[in-house]
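Both complexes shown next keep subunit A, but they swap its partner, so subunit B is in the first and subunit C is in the second.
Take a look at the complex of A and B:
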């Protein structure tokens, strides 16, 4: 079981646990404000934008070209931006902290 | 397999120049065709404006001559846009609620069961229009019976046979909405009308004209688009029985299937903007006060983004389509539309063994240098029970 913490734009901290699925699905299940996941995770809607806590960035890794393209024209983009639908719980580090972009 | 095939008429122009040109009622439109350029323009709402003075000009074909009411929040830009969006976004997320989905399932199952009971049905009028109209009563939260009148208007409420735009027909809808607003003022209820009439933004009440603007958008934005998405999906599954079978056996692909069908059909071909300053798109100079359009249908077939762009790949995992637009003005009704598709596909997979197209008449949009099939004028289909 991995622990993933979401911090919303009004600084609410939501600590979640999961083994599998995408990080976006985990956030939606836990009703994390600002993560809508409208497209269900196909990288189309950019409503699951998060900023990875910098200390975890190397372990999480940078977005691929398509995801990067989608982020390019989104609001509040930083060097640590990812779309959480493209992050698999099984592949991210335990204890990961994500700040919701919206 | 031909009837459910939707060609990409933009390929050559997209690869060659990146834009196309369309003369629309002597107000030309530069159609932006590439996925990245489309997103770039949609993102830049300052240079490519929705909320200019001339109401109706961002729609292609232009509605400048047939409409005075500003559609809200569609024809408003930030920062005011956000106040409207914040007000109505939660309402348009109601399709995610279990109760809404139960009622929508009843509506869709009834339409499918009725189709199964007949020898064959004309899908546009008898299936998609009914489904769309009845589902709209849920979105507005008004009695189911209201849909009977909308169905009686037929599919061409904004159009007549020979012209793309018809002000007499549009007025039927506008007069109807005026009457509904007055009715709600007299007898407050739990409808979208009432929500809007009671709402305050930036410390003041919405005017009747603003309420009308939101409601017109709700009617207009979700009519042809939903009808095309539903009808085209029926055509697709009629000609691809194995895909229907696959949905039955692998319901976990439902989400990617929906997004893929929406990408492939792109029920709304394009949306315009008014250019506020001299600028460039695709290395081409564009003058202030002229119009561009973002061609979602072309962007969604961009071979630089989508592998096998002209194929329907039901389990396409990464699918950054722009069928619901992109950025600030992305589609307000997308949650409702996605829920319709989800329940429709689930119902078809549960109840329908196969479908057969008996006759099809294509609906081809004339866009000057391009001709695009966007749906069907009529589609006669036999539904076979599972």
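Take a look at the complex of A and C:
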């Protein structure tokens, strides 16, 4: 079981636990404000944008080309941006902290 | 009895993208009473877009992709009444009559009835073998089952719209022999430009799908093992599986019979309310005003369903300051091509094509004079995202610079000096 913490734009901290599925699905399940995942997780809508807490960035890794293209012109992009539908719970580090993008 | 029983009841007809998102949004915005959804589809509420795309090509044991996990319905006390159809809306009594004759009272009602496939009146179509539309989970399951049982796997898709082409691509990937028959002189004729139609025709042809245009199917004869498909030019094809994708009929009958105003869909105001103050309508079934394009539209899309659902929930919870004001977006996946579209291109005067260095990556920018209306991005999400930003901002753009692929793809490079 992995623990993943989401911090919303109003600084609410939501601590979640999961073994599998995407991080976006985990956020939707836990009603994390600001994560909608409208396209169902196919990297088409950018409604699941998060900023990875920098100390976890190397372990999480950079986005692939499509995801990077989706993020590049997003209004709130940072050096630590990812789309959470492209993050698998099984592949991210335990204790991961994600800030929900505005 | 629970404390909730004294509170108001919101009933939602239709438990797909619009209805389900509305239910969860109602709780989020503070609705304290019961929330009850009805849908004739017995399947637990699922994402529809994957049906013609990833679901069709996935492992046969893959479950449907659920809109929300089952626990969330329990946590939020949302009641699903699946496999139950509503027979009528009785506005004076403020209740619904269900197909078994029982009634369900409501204080607020949301109509999210969507649309159903249009089955064209082709001779013999009712008795055709393995003939399916592609709208519900059951359709996708049935198509896959028929495909797996067929030895020759000859598929004829009637209609070259997004649903038809996506289904064609998925079945081709699985190894079918696929022919798409389109009545107009190009595929996607109703929704996009000749340039995009040409690209998708070539994409399908390069992947071995036969595309026949300016051809109408006039008869289908069940020959026992297969169907004999006859076209208006007397050509015939043999089909083990038929897929119908010629468009939809909006499910407005319930609303219409109840005297709710219909105009190319259920007419709603900026808060998604109908002409009855206690009844709202959301999603594919609505005819609504888009403030950005200053026009009334009916849209068949997930974006419209989800965004209207949220607007309706806020209005029902008492916040009528929120008005529906979204820039529409859509997507389609066919073979290795990802098409992302933003905006509405209706009324465009010119189209700028920007071809990137990679062969299958380009974008089409639709302008009405100097105003950017819409962008179609093929394997180039950057154009989709930047197009979204430019449509919202209304910044003055230099068309010649957008068309010039030697100019790097950066926002400031496209602005008019």
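One rule holds in what follows: the second predicted complex is superposed on the first by the 102 of 102 C-alpha atoms of A that agree within 3 Å, B and C clash if a C-alpha of one lies under 4 Å from a C-alpha of the other, contacts with A are read in each partner's own complex, and residues count from 1 in each chain.
Please note the rule applied: a contact is a pair of C-beta atoms (placed from the backbone, for glycine too) under 8 Å apart; a residue touches a chain by one contact, two chains touch by 3 or more.
Note that the structure is a prediction, hence the values are computed from the model and not measured.
> Subunit B versus subunit C on the shared subunit A, clash or fit?
Subunit B and subunit C clash in the superposed model.
> Is A:66 touching the first partner subunit B, the second partner subunit C, both, or neither of them?
The answer is both, since A:66 touches subunit B and subunit C.
> Is A:10 touching anything from subunit B or subunit C once the two structures are fitted on A? First, second, both or neither.
In the superposed model, A:10 contacts neither subunit B nor subunit C.
> A:39 in the overlay: touching subunit B, subunit C, both, or neither? Say first, second, both or neither.
A:39: touches subunit B and subunit C.
> In the superposed arrangement, which partner chain does A:79 touch: subunit B (first), subunit C (second), both, or neither?
After superposition on chain A, A:79 lies in contact with neither partner.
> Please tell me which partner, subunit B or subunit C, touches more residues of subunit A.
Touching more residues of subunit A than the other partner does is C.
> Identify the residues of subunit A that lie in both the subunit B contact region and the subunit C contact region.
Residues 36, 38-45, 66, 69-70, 72-73, which sit in both footprints.
> Could you pull out which subunit B residues touch subunit A in their complex?
Interface residues on subunit B, with respect to subunit A: 35-36, 39-40, 42-43, 93, 255-256, 258-259, 263, 305, 316-322, 324, 326-327, 330, 334-335, 338.
> Inside the complex, what are the residues of subunit A that reach subunit C?
Counting only subunit A, the residues touching subunit C are 25, 28-29, 31, 36, 38-46, 66, 69-75.
> Across the complex, what residues on subunit A touch subunit B?
36, 38-45, 66-67, 69-70, 72-73, 86
> For the complex, which residues does subunit C have touching subunit A?
Checking each residue of subunit C against subunit A gives 28, 47, 49-50, 53-54, 65, 68-69, 71-72, 302-303, 306, 329, 331, 333, 338, 340, 380-382, 384-386, 389, 411.
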